[in-house]
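Chain naming follows the written order as A, B and C, and within any one chain the residues start at number 1.
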Amino acid sequence: MKKTHIPKLDDFLGGGIPEGSSVLFYADPGVECEAFGYQTLQSRLEEGDSGFIFTNVTEPSSIIYEFEKFGWDLEKKVDDKRVFFVDGSSYFIGAPVTGKYGIEDYSQIEDVVIKAINDVPDGLGVINNLSTLIDYLDDGETVRIINKWNQVANDNKTILIYIFTEWDYENALIEQIKDSMDCLVNLSTIEERVIIGQGFMVTGASWTTPSSNRVLFNIMRPGGVKIFIPKILVTGPFNAGKSSFVKKIAKNSVSVDRMALGQVPTTIAMDIGHMEYKGFNADVFGTPGQERFDLILDILSKEAVGAFIVVDSTAPKTFARAKEMMKRCKAEAIPKVIVANKQDLPDSLSPKKIRKVMNIDQSIPIVPTSLPLNEGIEDAMDALLEILYR
Amino acid sequence: MIVRIASGISGFDELTSSEDNLALKLGGFPENSATLIYGPPEVGKSTFCYQFTYQGLTQDEPCLYLTTDHGIQDIYDTMKGIGLNLDDYLENEMLYVVDAVSSDMEVEESDIYQRSSVHNPTDMLVKVSRVARSISQKSPRLRGVVDSVTTILESNNEMLIVRVLKTYILRIKEAGGTVIITYIEGSADSRTETLIKSMVDNIIKLDGEKIIIEAMKGMGRKEDAYRTTDEGIVILHDEQ
Amino acid sequence: MSTVESGIPGLDELLQSEAGYDLGGIPQNTSTLVYGPPKVGKSIFSYQFANHGLNLEEPCLYITADEGMKQLQQNMIDFGWYLQNAMEKELLYVIDSISSLSGAPIETTNTYTPSKINDPTDLMVKVGIGTRFVFKKSNEFRSVFDSLTTPFAFNPEPMVIRFLKTYIRRLQEAGSTLVITYTEGVADENTEKILKSVVDNVIMLDGSYLTFRSSEGLMGTAEYQITNQGLVLGEGEIL
């Protein structure tokens, strides 16, 4: 088993990648995916394996520079002949071809990469990237060539990592590509009108049942792939039941005071807890009082990926305040779920009515809950997960 | 206000200055622009380049000349023939030539003279880029000539040359250069031609009798008659 | 229908018709392809469009693919449009996908980031980041992609189309009004057909006439000129 040393990924893979396996990192357009290939290569090189990078999007010197930005010295390892390049990029833009092997004609690719694979038994090769290859290879050739490479790699005990941006190709082609791989890792966006986060999840592995967890990440320079625990905000008008809701979804929540640096530094009381639900891990921040909402968002800013806005279904007068908070979430592109609480009480308005009265778009879920009766809590969490991973 | 540099072609600066600027003699090529000079063979495109180059040299502007049809000896002789003597400028290292034609070893390679081949666009680009960069460290302005891109297109994959040309234009402009590129109309695929035309700032056609400025920054379409004389190209601007 | 001021004198007036469309500019949140032969003023159109929005404090995501940032600024200055103010207010976010070829060192700032013309994956990542940045400034912002010509020179045509579809979708979802420029004749016929079909509106410039066709069927045409203040439309008519 070869470890990637990408946080959480080795766990999801049941320890690592077996020698000779093929791994497809397939990403939504907009997600940075090559870091996964590069980081895995870096980890393997550090542990004494050899490797190569096949590139068709950028010259080897740029890749060395990218590694530098991550804080990894690839140049030295190239000089030590522990890793080499297959330069499938330079020739086509009129730049001098560098690297151990160069490609000046796409008909050469299949054989040259096979040579490269044979040069690194028990090592690792990164193919960056598959998307560009599809257009340059004749129809049907892409899948055949990938299968050939995977077979040679398997015989040679070389791990092959493919970087693939899943543009809208024909479904059949994508299925064939995926079928030819031992392992599939999906890199996806979290979007609310704009991309607010990215996550990875193993969706297939021939040697283990992959964990069904998805984890959010950032690419740090320096650092590489870093997991981050997203923050979920629980807020709403006064007395809607926020603290209770936080307690229901997050174990061991505590009340803390946080410094907020607005115009005047203030402290804000918050409930903080950790939620783990269906593989989704998040830190929950609840606002127990009538706190300055914008200050809270400032604290959470970059890492808030979702918000529960809890409203008292029996208090329509408070809906205006809830709407204000929603507007602010919209401006920060934070997905939200409205929790229509206190459904057990006699005067409670139904979610349908609430939607009408508050004039809320169909795309925003309104989930009825009754906290004393423990009803609707899982539905609310499901609704949030659904938006996040749409 | 578009800054222009003197062209070196008699009548051109007058043709390209706007009416109000006539007295101020503010015509010529827009500084830091790329111009395509195209037309049928033998209409004076290379002569145009010689005059442009020479004008720059007399103004202390180094010139980077990429030649694909005429070797350095040819160029030197032809220019002498129209009264443009390169001796001083070669001595002062103001003219840099990348010669993709001559394979004869008579002229030694040096800082100002390098050989390349039209069959090796990467090599031409590397040499030209290197020279441009080194010139830019010594001079704020330079002139560039590619004469002609047709010959390069003929010997290579056209799309590759389009990319190389784009890169060349970017680098020469980055170095503070104003560049002329010559091309024989119809010598490449229409898509290639369209791409090349879209990559330059100005487009001038020479058809043997008329010079037509089809596109130029800061002015509309203009044309005039011209003649090739033993002093080079003369645009008959004031004649009716 | 909500519209966005184009910034091209005469165009908004042309689109304001009695034919029931009542457009006073480019329909908001739509994508418009500005196309035509080389050198007819397509880039100038996009400079004008962006600049006008910036003057109205409408943020702009500007992807430049033909010219680098320095050249873009210079070109704008030639028409008297200065970007300093907008850049200080962080209203303009530029993704420069071509300067990396020039070998010039590029410094990424808060509102300026390089990309690579032959790496659509990287470009889309930068688009995602830029979109988020601009979206936070305003949910109604402009975006310009000037132009598709160089991408077509450096990438296979199907890849450019795939990129474009994702780009348009992403930006429309974020609320932007998009202008995309393209030189006619650079891609093959089929690709050009697809190109025109993935946008909402097309504006054709041929050197003398500007013709506008919206997805709703509105068509208008007018004479135009490139002046030292940019494009100016003359008398026109709705067809």
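Keep this in mind: a residue touches a chain if its C-beta (ideal position, glycine included) is under 8 Å from a C-beta of that chain, and two chains touch if they have at least 3 such contacts.
Remember, it's a predicted structure, so these values are computed and weren't measured experimentally.
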So, comparing each chain's Cα centre against the centre of all protein Cα atoms, which one is closest? C
State the pair with the higher C-beta contact count; candidates are A-B and A-C. A-C
Taking each chain's centre as the mean of its C-alpha atoms, give the chain farthest from chain A. B
Indicate the whole-number Å distance between the mean C-alpha point of chain A and the mean C-alpha point of chain C. 30
Between chain A and chain B, what is the gap in Å from one C-alpha centre to the other? 51
For chain C, write out the residues touching at least two other chains, lowest number first. 101, 154
Provide the list of chain B residues touching at least two other chains, using ranges where the numbers run on. 163, 167
Would you pick out the residues of chain A that each touch at least 2 other chains? 92-93
Which of the residues in chain B come into contact with chain A in the complex? 121-122, 125-126, 160, 163-164, 167
Okay, in this complex, where on chain A does chain C touch? 27, 29-34, 57-58, 89, 92-93, 129, 131-132, 135-136, 165, 167-169, 189, 191, 193-196, 330-333
With touch defined as at the start, can you tell me which chain C residues reach chain A in the complex? 101, 116, 118-122, 124-125, 127-129, 131-132, 135-136, 139, 154-156, 158-159, 162-163, 165-166, 170, 173-175
Provide the residue numbers of chain B that touch chain C in the complex, in ascending order. 1-2, 32, 129, 133, 159, 162-163, 166-167, 170-171, 173-174, 190-191, 194-195, 197-199, 203, 214-215, 217-218, 220
Where on chain C is chain B touching in the complex? 37-39, 66, 68, 70-71, 74, 78, 98-99, 101-104, 147, 149-150, 152-154, 183-188, 225-226, 228
